[in-house]
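Take a look at this one; I'll ask things after.
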Amino acid sequence: MELAIYILALPLLSFLILGLVGKNLSHKVAGILGTLSLMVCTVIAYSVAVTYFGAGRSEDGLFPTLMPYNYTWLPLGGNLSIDMGVLIDPISVMMLVVITTVSLMVHIYSLGYMKGEKGFQRYYAFLSLFTFSMLGLVVATNIFQMYVFWELVGVSSYLLIGFYYTKPAAIAASKKAFIVTRFADLFFLIGILIYGYYTQDFSFTINESILLSASAVLPLALGLMFVGGAGKSAMFPLHIWLPDAMEGPTPVSALIHAATMVVAGVYLVARMFPLFVGYAPETLSMIAYVGAFTALYAAVVACVQTDIKRVLAFSTISQIAFMMVALGVCTSTDPHKGGLGYMASMFHLFTHAMFKGLLFLGAGAIIHAVHSNEKEHMGGLRKYMPITHITFLVACLAIAGIPPFSGFFSKDEILTACYDYSVIMGMFMSIVAALTAFYMFRLYYLIFWGKSLYEEQLNSYNSGIIKEKPHKPHEAPICMTAPLVILATITCFAGFIPFGEFISSNGHAYEIHLRTEVAISSILFAIAGIVIATIMYKSGESKLTKAINQSCKGFIKAAYRRFYMDELWMFITKKIIFNCISRPIAWFDKKVIDGSMDMLATITQRLADFVRPMQSGNIQSYSVWFLSGTLALVLILLYLM
Amino acid sequence: MNYLEFLLMRPEISLLSIFVIIFLFDLMATGRYRRIFHGIVCLLMLAHTYICMTGSAEEITLFGGMYYNNPMLSFMKAMLTCGSILVILQANRWLRSASTYYKQGEFYILMLSTLIGMYFMLSARHFLLLFIGIELASLPLACLVAFDKYRHHSAEAGIKYILSSMFSSAVMLYGISFLYGSCGTLYFSDMATILSGSPIHIFALVMFFAGLGFKISLVPFHLWTADSYQGAPTVVTAYLSVISKGAAVFTLFIVLTKVFANMIVEWQAIIYILTIASITIANLFAIKQHDIKRFMAFSSISQAGYIMLAVINGTAHGMTAMVFYILVYIVANLAVFGVIESIEHQCTDGVKREDFNGFYRSNPRLAFLMTLALFSLAGIPPFAGFFSKFFVFMSAFDAGFMILVFIALINTVISLYYYLLIVKAMFINQNDNPIKPIKCDLFTRISLTFCLLGIVFLGICSFVYINIDKLSF
Amino acid sequence: MEHYTSIIIFSVLSLLMIAAAIAAVTSSKIMRATTYLLFVLFGTAGLYFSMFYTFLGATQITVYAGGIVVLFVFVILLIGKGSIDVTHTSKLRYMAGVLASMSGLAITLYIIKTTHFIADKLDPNGVSMRTLGKTIMGTDKYNFVLTFEVLSILLLACMVGAILIARKK
Amino acid sequence: MIIPAEYYLVLSAVLFFIGVFGFFTRRNLVSLLISTELMLNAVDINFAVFNAYCYDHLEGYIFTLFGIGIAAAETAVAIAIIINVYRNMKTIHIKNLRELKD
Amino acid sequence: MLVALWMSRGIKQIRTVMVAGSTLLLALSVYLTIDFIAMRNAGITDAQLYTDSWSWYTPLNICYSIGVDGISVAMLLLSSIIVFTGTFASWNMKPLTKEYFLWYTLLSLGVYGFFISTDLFTMFMFYETALIPMYLLIGVWGSGRKEYSAMKLTLMLMGGSAFLLMGILGIYFGSGATTMNIHEIAQMANIPVNIQYIFFPLTFIGFGVLGALFPFHTWSPDGHASAPTAVSMLHAGVLMKLGGYGCFRIAMYLLPQAANELAWIFIILTTISVVYGALSAISQTDLKYINAYSSVSHCGLVLFALLMMTRTACTGAILQMLSHGLMTALFFALIGMIYGRTHTRDIHKMQGLMKIMPFLAVGYVIAGLANLGLPGFSGFIAEMTIFVGAFSVNDTFHRVVTIIACTSIVITAVYILRVVGKILYGKPENKEHLELTDASWHEKFTVICLIISVAGLGILPMWVSNLINSGVANIISNIQP
């Protein structure tokens, strides 16, 4: 367990090295250094996982919660202090594994993807920084440490999104991402403050009596914390940053905006789960509703996007919403009595990380090949990129919830939990699941099937219509395809991991069993989605597609513009905050406050001009003043005193 | 009839002897000897200061209570003398110029006679002696103001000064006559018990105050100040603004506490009003001035207002603060005037603020000194002015005049503004045609060095203040 | 009758003085103004006489009438045509002057009225020269040798100064 | 009948303020000087009256005596300066004496 | 001491002397800090250490008394770091080099003196000593509307010190006029409450002007914008801290009852300055103005925290002083260096500096991140301590204002990122800018020193926090009823 600290230390070290002296290293050395350190990390993470779960449960049937390190970092007076440490328990170990795995894949992948990019070392430094902060976040021993790393994660995300700092869109996106999450973090912070004040502790394990005494404010505190989580996890309406964040390099999107950082919110809720269930069930339901709405919203929007990364981004939002819903629908800590969602959520987190990472990396490979994000430039790629094609298909099947891919199992558990909560919620989520299948396969077909742009261009080149010889799409190099294959393999088999053995809402082992009716219905829904997608997009855009497009043009347009959420936010920030608050304040400052200070000076000057005639140069008027002054003094003394 | 009592008035007698020596020297000396006249005067004055400072450690009351001297008064006299020496030192260049050379002796004589007048102002314990002292201190000064006979401004300043002075002394005399009428005596010690604050006393007090207020140049008795300061020869302006004013303040303090002790409420009210008026109005005027001497006139009026903050206290504490303030004021103001005097001959039509543009580039030392002096006047630490101002505020605050202190403090900001204007001119403003580098003569240099030392060390070395405090009564 | 002589003399004298004074400050010819001033000064001497201060009266006539007024005449003659005083210039300033001096007068009269002076000591014998001499030359209380000496310095200094200013090179 | 002291005082007050009035309104330096003489003269009367009517010692008397002397000295100096002004500016009118002003 | 050292030297040697002097001071204060901590650890619990007192103006009970506690040690350390780096930042100060450093040294002398004094008079004296050199430093060596700014700054600060002097006199006479020593006055605690009511606001506003309290902050943007680099650094970094320090040490410590009663007024004002400063910063286009308004916001937070009057919040306030001091100095140093190259501070006129001067740009990003409270930098720990401390005051009013103040961290992010995005990122468009060079060695040294300090404080806050805590506890115990 003591090794766990190295998981934190190594990425930090590699960040520092790469950040400080990276410039002097060659690209290769830097990349390998980063990858190697992460590889070691991954190994340690796995060994930690193995030893931890291998050590088995203690007498009370739980996996022990270990804290090999915990230091006071910053005392805050009274009992409060910010501690830094390492917390090992089932979910943190699970997260360690997920993060290191995906991160390692991304590191390896990036060796190929980012080859030759300017700032390669910087890229690896940031990746290491991100990994460090994310790991720090999951092993946090207390909510404040979590917040600390939460912020660091935000910053590294900011830096990575803005990696192409010469691209205006990237700059804007990074700024937006940071500010939106920061805005959410504000609520998180306030939640922490309330929590910390009433419990006099920031740790996750607080004894009952204190909690009871604070029970009045806990719903508020936890609700605020959820807002923070919602910001990171891109819940509606704070989701707006995530699609834009796709401006970053694609591996980064895979790592941060699909697999790891965005689930931080889910992790936060899971971390605070006992409190949520025990003291704030209403908040939990609210989470469920927000999650459900987000899931639907994102799924609908994903159906009409044309940028493949955008589609994936909305898909991510939708999937995370699934996890949130799963957590939200829990009504007790007992997995048998309404606490199933917790496990389901974690399970989905795990599987989703893998297949969504895979999807993004695959998308990256595609983009690498065609140098575009837009679907128009794709189509018919299956011939040129077989490995990518297969792995992408695996991932699509997984996300659509087709057995035996991992997505099926985890999603199935979520749906089960939803049905347990209420049938309406179950149905609702099933429909969203069907939509998921639809849009994923829409994407799939658009990319790999249909007419190949390259061939068209080649034809026109041959017939002399265009001068330039078109660029032929090619399969990615080995260091990019290898991670795809690895992840695809995991995706294929992860579903069979007895997840409930390790993680469940009350810590006791829980055996996953499929509920037949739910499983069947969900498969049917998924297949329906796939079939519709096949009909509509298999070979380019069919007539049906066009007809549908035609019939609900307005809706599609609205969905394409993400239901104008961005515009709304822009309106609020730009028009209201910037133009209506900040500008006037600046004006106020310049004119009124500054003006009033200047006014004092002006008044003084005016007064000076006013008294000036007194000094007329005429000795007689001087004497008049003299005598009048004297007389006035006499009168004042005689009558006013 | 004990005429030996004359001999006991040490400072006066010694000064008088110098007066006589100079008189005779002026009459007799010719050619070669005249050239060392200046040096001789300075040496004599130094010797006199020494005499003044030593040997009068005890209190003396002479001529049936008409004359009184004690160590504090001796100290004040010494202070005034030192100030005069500094002024005389600075006067060297001016006195050697062709238009003044032949009346050098008169300059010393007139100056010394005013100094004698001030001595008697301080030591007088009878209104007649006081009045004669005041007249002795102001009439020859009028001659000094008009000293540059062939300069229009000097003549105009002279006539303005003498007429205002006559007017004010008439008013003051009128007041004194009523004091006499209601008290039957003009001896301070006798009057103190009789004065009670009846209307006629108030009337007399105000009129008397107006007379001294004229010399201190408090608003609204100040209007002559700017014109006279501007027109008078710079040396004389320096003398007027520092020595004459200082003596008047001392006198005022003594009279108020010794004679009008029972009417403290009334005169505090007067000072209250006049202080506010002086500081504020003088500051307002000073902002707009371009002629430096005129500017210094208003600055000195506002400084007078600050001095009044110490006077209003009316105790030994206030006296210490006042004496210390004036001491610091003397060195700082004389430093400024020393600089003005040094550059004056380069400026046609008086020294303007604009003439200082780029002064630092051409004359760093003088500009530096000037800056320190202005900072000291503005009350910026670590220069002496800060300390003196602080003590003055403290003493007024001690007497319970918080609002007064507050107004005065706000005014320091305005005063800082106009002092900084000059600093700005020297350091910041560019000038294609700045004042050429100046080489001061030895005497001026000595004088300025002393001023500099005073500005820097008077505050930091507390023993000066402590010793003054020990002397205070 | 005796009673009334003094009061009549006083009233005549005072009316004369006031009239002369007013004339002195309003007459547009300075020479005339000086003459009126002379009348006032003589009148003052008369007042001193009526208080039995004969020496004082004599001094008044000698110094003032004999010294100062002569100086005035001298300077007026020296200046010649510049000696015309135009009384009315600025109305505003004129009114201010009138107002200030009238209110001053009013206040002074009020003060005089409210104050009760114990005025019963008038000594018809006046002051003997002996007493006067002792007073001026004595060193005790109520003696003024010191002021006398200081006054002499004053006069000396003023003389030096006046000569300095007035003389030509 | 002894004339009451107040009469003298009133007279001197009137003279004094006539002098003041003159000082305020005249336009010629010599006239101003004349006005000042009036004022000083009035003050002298005051001193003499107080001494004569109220008090034994000769303070007021001496004051008057010296006051006359001082007035003479003042006048001498003032006249010297006036002459100097005249010499410089060829006029002794107040209105021409306004080179020094704000 | 330093003044005397180099007054006599020639122009060429000035730099050497200056560097030597400031290094010496830095070494001294580091030594002081270490020694202080050692003494604390050894169990010495006196409120003040290294105390010494010389009677100065005996009749007025004025002594030159010095002493340090945790707070002043921390502030001294801060000052010497900034003076040290400021020396390097003004390496190429062109006209009148000697004079520049003379005033600069006088300024730092005032600052040091202020922090070590324990006597009202000396404190006030050093306070004013520190203010006036600003005028010349800005007026002569500044840029832009320097004369106006310098004048405005000086006059407003002097106006503040007029209030302050009133306060000091009130305290002195209110406590019976027997001593000027702060601790003795505090121990006597005999200032009548009605007098406290008058003089607390005066003193607080007096110091508040320097601490950029809301309606009195307008000197700060102009002043900073016009000042030369090192002066901005020293001014925003240290001088503005004098305000907070004074508020705490004098206004609150000596007038506790009034402080408790009237705190709400000032809490409202400071809350306004926190949010208001941040919001104003959003719409500025001049780099220095942005940072100046940011300083207003951050310094507002200092005062805000002090007024919460809990131990944690006050510790946070001192931490914030340190942190803001270092950060803002870093900022101004960088801005100065950028300005020195591009000759503009308008954010619309610069673009893509990251390509042209990577070192400075990276430094700027780091400074920005530190400024917006990134964990690992000092800003974070300070702000968190403040918020936790402020939140622990149990009533709605304090809660609400705390939450309002919290929003500033978001707004901060907005303006920082706006600037970073505008000037550093993107493609360089201005042709002239392409020629520009990156930082020279002394500039790099300055920036690195400051970054190390900022990060050091942010990563290892414990020792500073403990250092401060002892001092704060002592004062707080006097304030709390």
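By written order: A, B, C, D and E. Residues from 1 in each chain.
Here, a residue touches a chain if its C-beta (ideal position, glycine included) is under 8 Å from a C-beta of that chain, and two chains touch if they have at least 3 such contacts.
What you see is a predicted model, and the numbers here were worked out from it, not measured in a lab.
Dropping chain D from the picture leaves the other chains, by touching, in one piece. Considering the contact criterion stated above, the chains in touch with chain B and with chain C alike are A, D.
Taking the mean of all protein C-alpha atoms as the reference point, the chain centroid lying nearest to it belongs to E.
Counting C-beta pairs in contact, the pair that comes out ahead of the other among A-B and A-C is A-B. Using CA-based centroids throughout, the chain positioned farthest away from chain D is A. At the far end from chain B, in terms of centres built from Cα atoms, lies A. Mean C-alpha positions place chain A and chain E at a centre distance of 37 Å.
Each chain gets a centre from the mean of its Cα atoms; for chain A and chain D, those two points are 96 Å apart. Rounded to whole angstrom, the centroid-to-centroid distance between chain D and chain E, based on C-alpha atoms, equals 64 Å. Inter-chain centre distance (chain C to chain D, centres taken as mean C-alpha positions): 6 Å.
Residues of chain C found to touch two or more other chains are 93, 96-97, 100-101, 104, 107-108, 112, 117, 142, 144, 147, 151, 154, 158, 161-162, 164-165.
With touch defined as above, residues shared between interfaces to two or more other chains in chain B number as follows: 128, 132, 135, 139, 142-143, 146, 149, 158-160, 163, 167, 171, 178, 181, 199, 203, 226-227, 285, 288. Chain contacts: chain D has residues 9, 16, 19-20, 23-26, 32-33, 50, 54-55, 57, 59, 62, 66, 70, 73-74, 77, 80-82, 84, 95, 97, 99-102 touching two or more partner chains.
Pairs of chains meeting the touch criterion: A-B, A-C, A-D, A-E, B-C, B-D, B-E, C-D. Chain B contributes residues 159-160, 163-164, 167-168, 171, 199, 202-203, 205-207, 209-210, 214, 219-221, 223-224, 226-227, 265-266, 269-270, 273-274, 281, 284-285, 287-288, 414 to its touches with chain A in the complex. The part of chain D that touches chain C in the complex is made up of residues 1-11, 13-22, 24-28, 30-31, 33-35, 37-38, 41, 44-45, 48-50, 52-59, 61-62, 64-66, 68-77, 79-84, 86, 90-93, 95.
Taken in their complex, chain E has these residues touching chain A: 152, 155-156, 215, 217-219, 221-222, 276, 279-280, 282-284, 310-312, 315, 352, 354-355, 369, 372-376, 380-381, 384-385, 387-389, 391-392, 394, 402-403, 406-407, 409-410, 413-414, 417-418, 421, 424-427, 461-462, 465-466, 469. On the side of chain D, the complex with chain A involves touching residues 20, 23-26, 32, 94-95, 97-102.
Within the complex formed with chain E, the chain A residues making contact are 72-78, 80, 82, 144, 147-149, 151-152, 155, 158, 162, 165-166, 168, 170-172, 174-175, 178-179, 182-183, 185-186, 189-190, 193-194, 196-197, 577-578, 581-583, 585-586, 589, 593-594, 597-598, 601.
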